[in-house]
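By letter and in written order, the chains are A, B, C and D; residue numbering begins at 1 in each of them.
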Amino acid sequence: MLDALKQSVWEANLQLPEYGLVTFTWGNVSGIDRTRGLVVIKPSGVSYGEMKKEDLVVVDLDGNQVEGDLKPSSDTPTHLFLYRELPAIGGIVHTHSPWATSWAQAGRAIPALGTTHADYFLEEIPCTREMTPSEIQGNYEWETGKVIAESLKEKDPMNVPGVLVHQHAPFCWGKDAQDAVYHAVVLEEVAKMAYHTVALNPGACGMNRDLLDKHFFRKHGSKAYYGQT
Amino acid sequence: MLDALKQSVWEANLQLPEYGLVTFTWGNVSGIDRTRGLVVIKPSGVSYGEMKKEDLVVVDLDGNQVEGDLKPSSDTPTHLFLYRELPAIGGIVHTHSPWATSWAQAGRAIPALGTTHADYFLEEIPCTREMTPSEIQGNYEWETGKVIAESLKEKDPMNVPGVLVHQHAPFCWGKDAQDAVYHAVVLEEVAKMAYHTVALNPGACGMNRDLLDKHFFRKHGSKAYYGQT
Amino acid sequence: MLDALKQSVWEANLQLPEYGLVTFTWGNVSGIDRTRGLVVIKPSGVSYGEMKKEDLVVVDLDGNQVEGDLKPSSDTPTHLFLYRELPAIGGIVHTHSPWATSWAQAGRAIPALGTTHADYFLEEIPCTREMTPSEIQGNYEWETGKVIAESLKEKDPMNVPGVLVHQHAPFCWGKDAQDAVYHAVVLEEVAKMAYHTVALNPGACGMNRDLLDKHFFRKHGSKAYYGQT
Amino acid sequence: MLDALKQSVWEANLQLPEYGLVTFTWGNVSGIDRTRGLVVIKPSGVSYGEMKKEDLVVVDLDGNQVEGDLKPSSDTPTHLFLYRELPAIGGIVHTHSPWATSWAQAGRAIPALGTTHADYFLEEIPCTREMTPSEIQGNYEWETGKVIAESLKEKDPMNVPGVLVHQHAPFCWGKDAQDAVYHAVVLEEVAKMAYHTVALNPGACGMNRDLLDKHFFRKHGSKAYYGQT
């Protein structure tokens, strides 16, 4: 069951160390089959080098484990909340990639400062609010999904395909698992360049809005003309 | 037709990931046959790992596609404007290399701060002015070429073989496609060191002019004595 | 004798260059057999590429060399002091990994700024006090162990599995040699992100305490639920 | 003639790209046979990947080319001045390694800030004074050697095995070509960590003198006890 999805999610997980986004087991990717309402996700604490496709875990949107001998990622409830709240997304990735995480630890949204950002994010990249003691001590991972969704403020998640979780690290998403990882790479690169940009120009707080729109819509929407399709 | 040029442009494009100048498809190289007035350029959005030499696109200086099944880079009009305006150049490269892009996002020219810069650039590396709404919403990529040329202020482009486009990223050039990529590598290294130099010495704004001239003309012009020729 | 321990310590030493924690011979790992009171440690000044398992040195807790043709690491007395003072630890590693060393040189403890830190360290990562002239000129490496232990202030060393030695570099430990190296990798990553965090937010001095506890105890102690066990 | 020296200098040159100290041809290593008064040095502008051992050039201490079909490095007069002025040294290396070059461009000596520095340099790493117009326009490379020697202020060059040339880049030396490259690697690592240290602690200007001496003399001189000899 779900063999193609498992293959896709397995490959997407292996891309995390290839792209330098993870140390040890600090990241996980999932993908969803919307028709069946089933999510395939990395098992908890298993190293990428040893993880076989069969080790992936299948859960339903209520968190019931449907397949797999291993426990799913401890971040599974965050993924499930986001799949329920954001019907457009098909894959989610969480990492502690160092540049994005530095912004998250600083509690700062990443302002749109150049066309690299604008090619994929139509807005600044939000940082969630601090969580309350009861959110942290309660169903923590589920509540993490909630503050991520709250930070989107009803924007189209495909226009803002990633968010920084305050004092934690980024979550990204996309139309499938590969697309989510693609956005995680973009976010890390954008975070790195934004760090150096604000050091060179402390007043930099946002780019020309026309230029931002131009670049985003060169690549997205009905008038896109970048690429071969 | 243009087989040697295609080989050269293909190899130059593949150098971009080898030198760490690009993430995904964020860059493109072109080369020109001045006798025929034809430009060979990377197809739009094709990954370097999958791009075959036959995928390269040939366009004339009016932008008419002469050869190739794929669409040319969306930045093709920028390349064409520069080839028309700067008859001395034979190759052009655009990347989002992170250090140069950070300076571009900050809207700052890179001052000449040491001999590494002086070995290849006789001046500071300019940053273009902000583009107007009509330039952005109009023939954007063609107008990008215009502001690049404007930033050169009639200087010899071989003395300033690269420019930062404001809130965007660098364009470099050279006598051919390989030479353009060489300058893109130089620019990235110079941008990195200039960043750290101004952090260590915030007053650093330009090097000794005699030293700059000495190093540039050790490598360029009739009195050059660096290398074997 | 001690063949399994030697294998473990040898592999742990070889992990130092693999994880990018050492230049040349700037690091060493040891492990202890608590039953026998014997420590296996890297020989002094031998490069990782040339070090054979047989080159490892065995010493007792009084510093007497029990096995091996080579001299043990010059830092051996530091290791021995820590094994005597901290009965819970089974492996120790010393490196000059650049991010952690930069904090050590600055004489600053690394504040807990995010969940990556909190997953492994329940407190800030201490920086030892400056050593006195008589400590430096006397039994220097033994005294180094003393100031490390002093910086822990009777805290459980498994809750703070590493310390910065003032104007020097980090020491880390764990339940065995591999676990010590694991913590050295964590420390380096945490040090790097903390550097960038305080640059982005100079006021950042410590994270939400509830969040810190939540993440530490997700991975440690009787209520841990991260991973497969 | 000089076959062993050529082999040594050739290998030392190839170490420059292996250690990440050079981009393109931005560096050169030489070694001297003191008995014969002959220096083996890299040819000018030849890439490391293509350089054969037979391409190395032999010159005497007056700069006369004794062997080799290629032109020697344009920096040869700097090497020759240093060999004449500093009889203790047997190898010299010049690179534009980025961290050391950033300090050189900033015109700042690198203060001794930790034991990594102290293990190899008994003092701060000097930055030469600005050269005069007549020095630059005259026998520039020879004059570069002069300002390097001047910056040592009659100190033992083996206690300060490298110097930053103002607005240019580092030169390092050692007992032979390999030792010189070793010091170039140390300098780059020390420069990187010093950069981050002064960012974390802007008041950091020099380490505990007792600690500096302790570490230097653990590795150097008659009372050294680091390593196997």
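To be clear about the criterion, a contact is a pair of C-beta atoms (placed from the backbone, for glycine too) under 8 Å apart; a residue touches a chain by one contact, two chains touch by 3 or more.
If you want to know which protein each chain is, UniProt gives these names: A, B, C, D = L-ribulose-5-phosphate 4-epimerase.
What you see is a predicted model, and the numbers here were worked out from it, not measured in a lab.
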Reference subunit C; chain at largest CA-centroid distance: B
Centroid distance [mean C-alpha coordinates] between subunit D and subunit C, Å: 33
Inter-centroid spacing, subunit C versus subunit B (mean Cα positions, whole Å): 46
Where subunit A touches two or more other chains at once, by residue number: 199
Contact graph of the chains (line, ring, star, complete, other): ring
Every chain pair in contact, whichever chains are involved: A-B, A-C, B-D, C-D
In the complex with subunit B, residue positions of subunit A that touch it: 113-116, 182, 185-186, 189, 192-194, 196-197, 199-201, 204, 207-208, 210-211, 214, 218, 225-228
Touching residues (chain side subunit D, partner subunit B) in the complex: 23-24, 26, 43-46, 70-71, 74, 96, 98-99, 101-108, 130-131, 133, 136-137, 140, 167-169, 195, 198-199
